[in-house]
Structure formats: structure tokens, C-alpha cells
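Given below, in the form of C-alpha cells, are the structures.
Next come two complexes built around chain A: one with chain B, the other with chain C.
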Partner chain A sequence: MSAITPTETITGQVAGVSPGLRRRRAQSPRVAKHLRSNRTAYLMIAPMVILLSIFVIWPLIYAVYLSFFKISFYKGSEFVGLQYYMFVLQDPKFWNSLVVGIEFAAMVVPAGMVISLLLASFIKVLSKRMASFMKVTVYVPAVISTVVASVLFLFMYQDQGVINWFLSLLNAGPVAWLNNPGTALPAIAVPAIWLGLGITTLIMLAGLLDIPDSYYESAELDGAGFFKRTFYITIPLLKNILLYLFVTGFTAAIQMLDLPLVMTNGGPVNATTTPNLFIFNNFRGATPYATSFSLTTALLLFVVLGLISVLVFRLINSDKAVDG
Partner chain B sequence: MHKRRNRAAAFAAAVVSTALVLTGCSTGGGGDTASGTTTVTFWQQKFEDYQGVWFKKYVDAFNKSQDKVHVDYQVIPADTWAQKLQAAQAAGKQPDIATTNYGNIAAGVVNGQFAALDDYMPAESFSDIKENVSSFVTIDGKHYAYPMLVEPSTVLYYNTDLVTAAGLDPNSPPTSWADLIDWSTKLTSGDVKGMTIASTAPDLGWSSWGLQYNACGHLPINDDWSKADATDPCFDKLLDFYKTLYQGNLIPQQPKVGYADGSPYGAGEVAMMAGGSWVIGQLKNDYPDMLAKTMVAPFPSIDGDQTKPTATLGGWTLTLDSKSKNPQAAADFIQYLLAGDPAIMADFFKAAGYSKYTVRTSVDEALASDPDASADPFMQTISEKVVAYGKQEPGYPWDVALAFGTAIESAMKGTDTVEGSLATADAAINDVITKQGLAGTAPKK
Partner chain C sequence: MSTATTPVSGSKGTLRRGDRNRLIKIIGVVLITLSLMFPLAWMVIAGFKGKTEVLRSPFQFFPDMWDPKNYIAIIQDPQFSRAMIITFLGAVIFTVLSIAINSMAAYALARLDFALKRFWWVFCIMPMFIPGMAILLTSFMVVSQLGMLDTLAVLIIPGVASAVQMFFLRQFYLNMPVAVEEAALIDGASRWQIFTKIFVPQSAAVFVVVGIGSYMAYWNAYVWPILTITNPDLTQIMQFLGNFRSDRGNEWGLLMAGSTLAALPTIILVLFFQRYIVNGVRISGIK
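Our next item is the complex of A and B:
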């Protein structure tokens, strides 16, 4: 783009034009069309901007404002400055919940992505009819409610559940999957992986189908096997998709609420208290302290999640695929 | 130009009205109607089904009995109660009357949430309340709630068939914690566990209050709430007791339901159970076959002394919101339902299968003439041997109770040693005291 000003474009001259001429230029059909298209664009985005302002931006600003107060619905709120930020940052349970959230995401996201990549690679080589069947099968968990999945897995993890029944065939168990601090978090990660497989697999499949077959054919002619083709062609060309899935998956996993709420209520001994569940459980305290504390925790979590997302983007530089 | 301005105004109006609809801003419910009837809202936390039936029956009867006050009755699920109430309070749409448990009265009064009922109800309504229960709802000489019932948090239930089959005498139930562990060991067989008791921090937080008193004679905080007292060595024995039950596989390792639910005992999955008196109502309604082979006893004591408390007396009250626009109308309903004709509350205790206990002398008298009440095999034992030694639920913030419940769970599940768990709880309670400014705020009667 050259540095030609609009005045130069229209008149072919530089400054020094009379005001009357400027007015005529402003009314020229080309400028009016430009303004008209701007107006249309603003009108089209206006509803979303208005709704976002009402439901996101204003509540966020108001929440930050309220976080400087000890909120009471009966006695009037008391200004306390940054006191609640200090309370939250000094609370070991807050930091523990962040660690739990990160551990949970570290279990769910990489495992889910690897399984999805394998499934997508498998679906890609199937016949059209089998591929359709597999896509529907893989997508089914995505339409199941998290609460329903939680209850299903609760039954499966019971002492007399199917998982302990399998263990009994090996003369092992029963294992108290959900009541043991060492196994509870992985036990909750399993349904989370299962629930996320459908969407992740379909997005990966779309990315895979976008990679030209000629790349694979050339590699095969050069004697590259499945793993070499995966590492040297598939993964590099899926980099943007993998990055997208990683960031969205990570932020979704660290914010998980339903599964630990229904399956363990954050226990045993806070082993599955994710950050959102920590906020939720504090909010249920129903005291002015609990209200202000949970609000401030939510704001700090917002900052932490933002920082994690920035960090992930920094660590994994996103490039556009060269040809694909 | 004029047309364009009109269009802009219409657009702005549409946006604002859409926003108002979406944010739920509308004129509030309740208040006075054109016909002169005052509407008050009443939120009842969902309990057992029979309670809902009883509440509805008498709300309808009250509404039909007069035309000055109409009660708008709503049942709120227990797991959404706190967030719904907070959201309503934030929007200024809180109910005029709500069910409140004894433990939340002190904190609510400090927060200015409840109106003193003495200003709206006759003095004789309060003199009818039993003396020990009156103290549960009284702060600085004023009554901030009207009590409905008390129910001990911990009673020992045992299956006489299984006890006899294990060679134990059902007429000599365990009296000490050591006895209970011995019985649990003998009664654990195959898929049937000898015992069930709370094993998660939120359940342990409140259900162990009675046993905390039993072990140490005090709770893990000093009397004026200025300092934690969780590292008293007597609490070691309490944590060891729970740890032995859990790590010895004498209780279910993955309980399907919480402490308050007696269904594992009703379904025969356990031979003994620690449960509140309310479980009797559940057995009568859902597991009638179990009644004939069930006996109750006071929960065993640390040293076998059955005069030490093993249970706290929890229960429910009705409170009047301090922001109610029609406090007198709301208080009139509380007067009708809880403090009026004793037959109304007698009907409640009958529906509850005599699994809960009265708080008014006049209701006791009404029940004395009821042959079903006097013939109930469980009522006398619980009333004379459990309720008589029960302690009031503490009114401190839930975070204190949860810190101690977490310590018990931590010791049970081996996350930390008994001493380490108690030290963590002590630090956590001191942290609550500092941050929530608890020192010196313990309620004065």
C-alpha cells in the first residue's frame, strides 16, 4: 500500500485546495459509497457490540468496581480497596485449585489431541460409507450432557461398577477411583477426554483432508512410513489447527466445573477442586465475605487464564501453512 | 430527518427493552394488590417429599382462611438454594419468609438479614418454645427466627438380623468407639460393610460436631472465636477413629450418597449406620420392611460414657427478611403455621413418622394424646438418650467447620498424618478468624 492520501487519489494534487472544492469532493459519489459501506458495517456489528457491552463489558467493569468492596445486600457495601485480592492471593486453596486445573488440563488436552489425531487419521483412510458411520459414532459424546456423562461414569467407577468388575477378573481391586486423592483427578479426566473427542476429531479430520494427497504420495515414493509421514507432513501442516485446539481445549479444561461438581464435589481433600468449583463452593458460603471473595477469585482467574493463553501463543509461534 | 430520528428512537427503545427483558428487569412480585390482599413470598428449601405436602396443605389452608394475606409458596432445591437466594438478595427480590437452619441464624443477624419477630408476634408465642431451643434463635434477647423442629445429627442404627447372625447381642449395642470398631469388623462380610458414616469433608464438617464435643468437650475454636483450638490432642483420637473405620475397609470406600441419606442402610448394603433422626422417616416411607429389624441407640462415645454429647441438635426455622415490605403479614403466616394451633405442628410430626422433635410445650401436649406417637419404638430412645445430651449447632461460618471436616477426611484418606491434618486445620481456622474478623463475634444469648 503506497502512502497516497485520499486528496491525492481524487484530485491528483496535493494540499492548497479551496474549501468549496473540498466540499464538492466530500460529496463525490466514490466517497459517499465508501461511507455508506462503513455505515452498513457499523449497523451490522452494532447489535453484537451493544449486547457485548451490556452482558460482558459493563458487567466486567462493574465486577472490578465491586471487587474493591465488602459486598452486603443488607447493610450497604464497605470500601476495602485491594483487601480481597490479598485474601485470595494468600489463600493456599486458591493456588491449589489452579494447580488442580492445570493438572486436569494437562491430562485432558494432550491425551484428547493424540487420540483424536489417531482417530482422524483412521477415518481418513476409510471408505466413504464407513467414514460417515465413524464420524457419527465419534461425535455422539459431544451431544451428551456433561451431567449425564458424569452420572454414567459415576456408576462405572462404583465398587460394583464395570471398571472394578474388569479388575476383579484380574484378581485386582476394587479401587475407590473417586474417593482416593491419587486417582480421583485422572478418573474425572477420562469422561472429559471422551466428551471432547467428537469435536476435536472432526476439526482434525477437516485439517487432514485439507493436506494435498500429493505430499503423502511423494513421501511414500521416498519410502516414508506412517510415523514419518505423520511427523514430517501431517503435524507441521496441522500446526495452526493443533494450536487452536490446544488453546481452546486448555482454557475449557482449566475451567471445568460440571464433572468434578457432580462426581466428587471437589474431593477427596480438594484433589478435584478446579478453579471454577473453588469459586462456586465459596459463593455458596452465603456471607458478605463469601460473595466478595468469590467475585475477586473469578476476576483473578480471568487474569490467570489470559496469561496462560498468552504464554501458550508465545511458546508455540503460529505460522500460516505455506501451501495448504 | 424527522423520520430518521424516529427510526433511531425506535431502535434505541427496542435495544433498551430487549436488554431489560434479557436482564430480567421487571416489576417485583409480592406487595399489595388492588383487591387489598397483601402477597408475601415464602421460600422453602426442598426436604423430604412428605414435608412439601405438609407445607402446601397448610399454606393453602392459610390462604383460604382469610383474604388479607396471600402466601406465594415456592420450593427451592437444596443444591441451588444459596445461589438463588443470593441472586434474589442482590436484585432486591428476596423472599419475605424463608426456611433457615439454626446454624445460619447468628451469621444472618450479624449481616442484618433477619427482622426480630418479637415486634410482630405475641409474647406468648415465644414463651411456648422450650427453654433450650429458645436459646438457639435468641440473640441479645430478641428472637430472630421461629423454630420448627430439632433433629439430632447422629444416632446409631443397626440391623438386628445381621447383628444376631454375627453372634452379637442386639440388646447390648456398642457404647464406646472401640466397641463400634469391633462390631464393624465382625459385621463386615462380602459386599456388606459393617458400618457407614460420613467420609467427605462437606459431610464431616457438620456431622462430626457431636463427636467433636464428645472427644474434647469443645469445638476446634475457642469460646469467643478469637483463636483456633484444633490441635488439642483429644482431637487426635477422633481422627484416629474415623481413619480406622475407613482404612480398615469397615465403611464403604465410595459411598453412593451423602451422610444425610439413609438409603445404603435401607437397602441392606451396611449393617450399621450413623445417621440423623430423620432417617427414621426415610425408613418408614421408603424401606418399611427394614423397620422390624432396625434398632436405634445413642452413637458410641469415646470412652463409653453415654451421657457425653454425641449429636448436635440441628433443625429448621422460619425467618422474616429484614427488607420485607410486609413484615406483619409475613409474621402472621409464621404465627399461623408454627406458633398457632398445636394440631398443625402435631400433624407435621406425625407425617415425619416421629423422626423429628418438637420445640413447643403445647405441641408435646398435643402429641401426648396421640397413641401412635407414644407407641413409636424409636422416639423414646432418641428423645431420652440422644436429644437429652445433644448440643446446639455452632453458629460460626461454614469455613471453620469445613476446615475441620477436611482435616478428618485428610487423615482418613492418608493425605496427611493425623497431627499434620489437625495443624493444617488449625492454621486454616486462624486464617478464617483473621480474614472474616470473627474474634469476639460469638453470639451472646
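Our next item is the complex of A and C:
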């Protein structure tokens, strides 16, 4: 019945990863304990550790260090302590970008999740052949690059573009979607939702298929319609997955950079300046201390988002993440 | 057949009801497919339109004639085809390196016991929680100090080690049965041999999933290339499209043809490996 039935032996073994994941602490380490293999192990993790040290860990330490200094290309750096953090926190543009980011996430994430849940529920009841067709259909937009999506939607939002044509059929418009502060952000949210649907839907579908059919059957015998079944069975049983998708979706959406960068470059009047675009534009900014400033902004954002991600990671990786 | 299509409803209804359900589902599938695919279809169609008809008013849905001249013109643009080739080349090297490095670390962290293992595990997984923007500027400073700007290496090396991919692979290796490994150890195989002779051959499916992830990450990258690459010979494909949009933004037909061709490799990859991707969600252990 379930359309995702791993038929291969390899994938078959991992079909039930979730319970395995939960059991891992009890069983671990699943290695032959009497044999420590320091040399092999260190050689095997060495490339990863070295690369991460150079290109991730060191840049992070360096960024924290620099945020305490006034960097100048003409004279030596000067220690300024937390001064830049104060500057950032006092800058209305920073708060504006944060508001834009939250608004953007508030448009993208709930809408995307509702559509994905509907799609996943629909795919679940399809025959195997139709279901595998739909899964591909849903997934294809997910592999489109944000740049291609940006130019494509930019094209569709043109005054004589296809979206205004649809509006004209309804005797409305044309709307200058991207030049109007009120519509620019929603106009950018649409491609973001479109790009994100695929993965969210597939993850939800995998969760849905784990819910025993008997739950739905007895609910149906009791006369529960689709919405009742969704609210009383699907959503409570999927709550860990939904929470995971919500938080990861939120942190991803608030960090959106490419779409506003290509489509509007933050305009009109900063209506689409997401936090990352704010930081990115400051990197290239003309003011003398723009670099330190944007670095500090990035770090502030990092602390908040990083903490959220760690919490979510601990949640899905912990024993508390029990379904139902 | 008709009952097979209504697995959940459990209806013991007549054939007629089954047929109606089936019809509704087919209509649903068609409508959803049309709306999800519409932007892509529109991009392909616009690629066939001439310079004046692409945004003509009154609006015209299909081109006057299906002339692939935009597609031919963009392929013949040496910058475009070079960007496609160089990006593809980079993406292949990136994917291979990334699978090699991440799977080795994943194997060690999943199946070996060694000193300070917990520390190195946290060390390797930590980058998952560091937003790219927080280290973008200092990473740029690092690569410029290393003299890597404007080389293929700057596009490939910094992103090759990936905590997410390593985590994904480790998840897979944790669930491989321990018996095989023990038998091989008794036979005198070294850990390295066990990895290359037993684990790697069994990893085909999971390598496809992480490989597609790496490939897409490289192919679709935009911000890092525009920061680090100024040499036109190394221009990446998304960078090309971004530049094209700002320099020749009114030539929508060409731009749409170029975007279509730029999106094609990943779409083909996904269609080819669709089964693996759908299973990949399960391997990830999210659900």
C-alpha cells in the first residue's frame, strides 16, 4: 500500500531509521570495542577536520575576534569591545531587516506547510503509479536554483507578464508587483514557497505513511470527514515532523538571500531587505566601517539562529521525539 | 483495479463509485501538475518567443512559431557554453571529493572507536549550526589570503567537507549490521579494507542521494561565485544568469532559454534517480 516501499536490500535495512535512531544510545557503540583504531580513524577524519578547521571554524573565530575591533585598511585595528554590537542593536535598519525576515518567514512557512500537508495527504491516497508520478512532479521545483527561480518569477511579474495577464482576465491589475512596497515581499514569498514544497511534502508523506491505516478507517466509520481526520489524527501524530519542518523552514526562510538579491536587491524602500541581504549589502557598503558592522550583525543573527538549530537538533535526536 | 485506487476510503462501494473516485484523483493529479509545473513550462515557452513577442501587449500565450533560435543563440554564446561546461566540471569534481571526504569521516565516526571521539564528533557536526552568512566575509578573507581567488579551487575546496552530508552518511552507517564487520575483522581485514571493500560498495544508494545534494549545491551556487570569481573564463552558470539579467535584462527570450538550459541538468538528474531521492527521506532519519 505504501508507495514508498524500499525494495532494495540496502535501503530496506534503513527503512526504519527513526526507531533505530532512538535506540542508538542504548546500543551504542556498535563497534567491536576491543579494537581501538586510533590511527585509521584519525587518518579517515583528517581531511574533513582540516577542511572544516580552515574554512568554517577559523573563519568563525576570526569573525568573533574582528567584531571587537575597528578594522581599517589604512591603520592598525583598534579594540572597541562591544561597540559594534551596540551600533547594530541601535540601527533601525537592522531591526527593519529583522522584521522583514520574520514577515517573509511568516508568509512562506505556514503557507508552504499547509500546501505540503494537503499534497502529501492527496499523494497518500493515490495508486502506486500516480503517487510516484506526483512525487516527482512535486520534487522537480525543489531542484531549481534560486537564481533561475528569481529571473523566472521576475519575468512573470512584469507589467505585461503572465501573472498580470491572469489578473486582466479577472478585470484587475496590472499590478507592479515588485515595485510596490506592499506587494514586493509577498511576490518574493511565492517562489520561495514553490521551491520549498518538494522536500517538505516528501518528508510529510513519509510520516503520513507511518500512520496505520486502521486509525483513519475507524475514524471514517465514525463519520469523520477529511478535515476532522486531519486535525484529530494526522496533525497530532505528525507533530514532531511538523515541528521539525516548521523550525527548519523558519530558520531557512529568515536567512533568504538569493531571491531578494536578484529580484529586487532589497527594494523598494527596503521592503525586501531580509537580514542576510542587509548584511550582504553592508559587506559591499561604502561607509568605512560597514565591514565590521555587517560582520557583527551576522554574528548576532548567528547566535540566535544557531541556538534554535541546536535545540531542534537535540529534539529530533533525543528520546523525547516519540511519535504520538 | 478500481478498489486498488481507493486504499484509504475502504469503500466497498460499487464499481461506479470507484470509477468516480479514480476520475477525481486523475483530475487532481492533472491540476496539481499543471500548477506546479506552470512556471517551468512558461520558462520553456518564453524561450521560444521572439524579442518583441515575449512581453507583447495584447498578451499572447504561445509563440507565433516554435522557433528555437533563442536556444541556439544562447548555446552559441561562448560565455554561456563555457559557463555550463566549467560549472559542470567543477560540480563533478566537487561531488566526487565531497562523497570521499564525508563518507570516510562518517564511517570513522559511526563504526570506529578512537581517542577523543566525542570531541571530534561535535567538532564535525558543529558547522551544521553555523549560518553561512556569519562566516561569509571571513571565509572570503581566508581564501584571499591563501591566494585562492579566481581559481577553480576556491569554488570546490571550501565547501567540500559538509557536516550535513557527513551526518546523513553516518546515520546510514550506524544502521549497517555489525556482524559483517566482525566477520571481516576475524578474517584479518583492516578497518580501511572493511570500509572500501564492504561499506563503500553497499553505499551506492546513499551516495546517490548525498551526491545529488552536493551536485545541486555546487551547480546552484550564486553568492560565493560572485564574491570570489571575477575571471570571465571561470564564470559559473548561475553567476552568468545573474550578470545577464543585470546587463541585458530586456532580452527575456534569451534569458529564459538560458535559464531553461541551466535548470536542465539537475532536472534530468532528478528524473533519472527519482527512486533514490524518495527513499533518501527515509535514510535521513528525519522520518
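Following the convention adopted for this analysis, the second predicted complex is superposed on the first by the 241 of 324 C-alpha atoms of A that agree within 3 Å, B and C clash if a C-alpha of one lies under 4 Å from a C-alpha of the other, contacts with A are read in each partner's own complex, and residues count from 1 in each chain.
The criterion applied here is as follows: a contact is a pair of C-beta atoms (placed from the backbone, for glycine too) under 8 Å apart; a residue touches a chain by one contact, two chains touch by 3 or more.
Just so it is clear, the structure is predicted and the values come from calculations on it, not from any experiment.
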Touching partner for A:291 - first (chain B), second (chain C), both, neither: both
Chain A residues touched by each partner, larger count belonging to chain B or chain C: C
Partner chain in contact with A:283 - chain B first, chain C second, else both or neither: both
Which of chain B and chain C A:87 touches, first, second, both or neither: first
Which superposed partner A:147 touches (first chain B, second chain C, both, neither): second
Touching partner for A:241 - first (chain B), second (chain C), both, neither: second
Doubly contacted residues of chain A, that is, touched by chain B and again by chain C: 54-55, 158-160, 283, 291
Chain B to chain A touching residues, read off their complex: 15, 19, 22-23, 82-83, 85-86, 89-90, 94, 104, 107, 111-113, 191, 199-202, 252-256, 322-323, 397-399, 406, 409-410, 413-415, 431, 435-436
Footprint of chain C on chain A - complex, ascending: 1, 4, 6, 8, 10-11, 13-15, 17-18, 20-21, 24, 29-33, 35-38, 40-42, 44-45, 47-49, 51-52, 54-60, 62-63, 66, 119, 122, 124-127, 130, 132-141, 143-156, 158-162, 165, 168, 191, 194, 197, 199, 202-203, 205-207, 210, 213, 216-217, 220, 241, 244, 255, 257-258, 261-262, 276, 279-280, 283, 291, 294-295, 298-299, 301-302, 305-306, 309-310, 313, 316
Chain A to chain B touching residues, read off their complex: 50, 54-55, 72-75, 87, 91, 157-160, 174, 176-181, 265, 267-271, 283-289, 291
Interfacial residue positions of chain C with respect to chain A in the complex: 4-10, 25-26, 28-29, 32-33, 36-37, 39-40, 42-43, 46, 55-57, 59, 100-102, 104-105, 107-109, 111-115, 117, 120, 123-124, 126-139, 141-143, 157-161, 163, 166, 171-172, 174-178, 181-182, 185, 190-192, 195, 202-206, 216, 219-220, 222-223, 238, 241-242, 245, 252, 255-256, 259, 262-263, 266-267, 269-271, 274, 277-279, 281-287
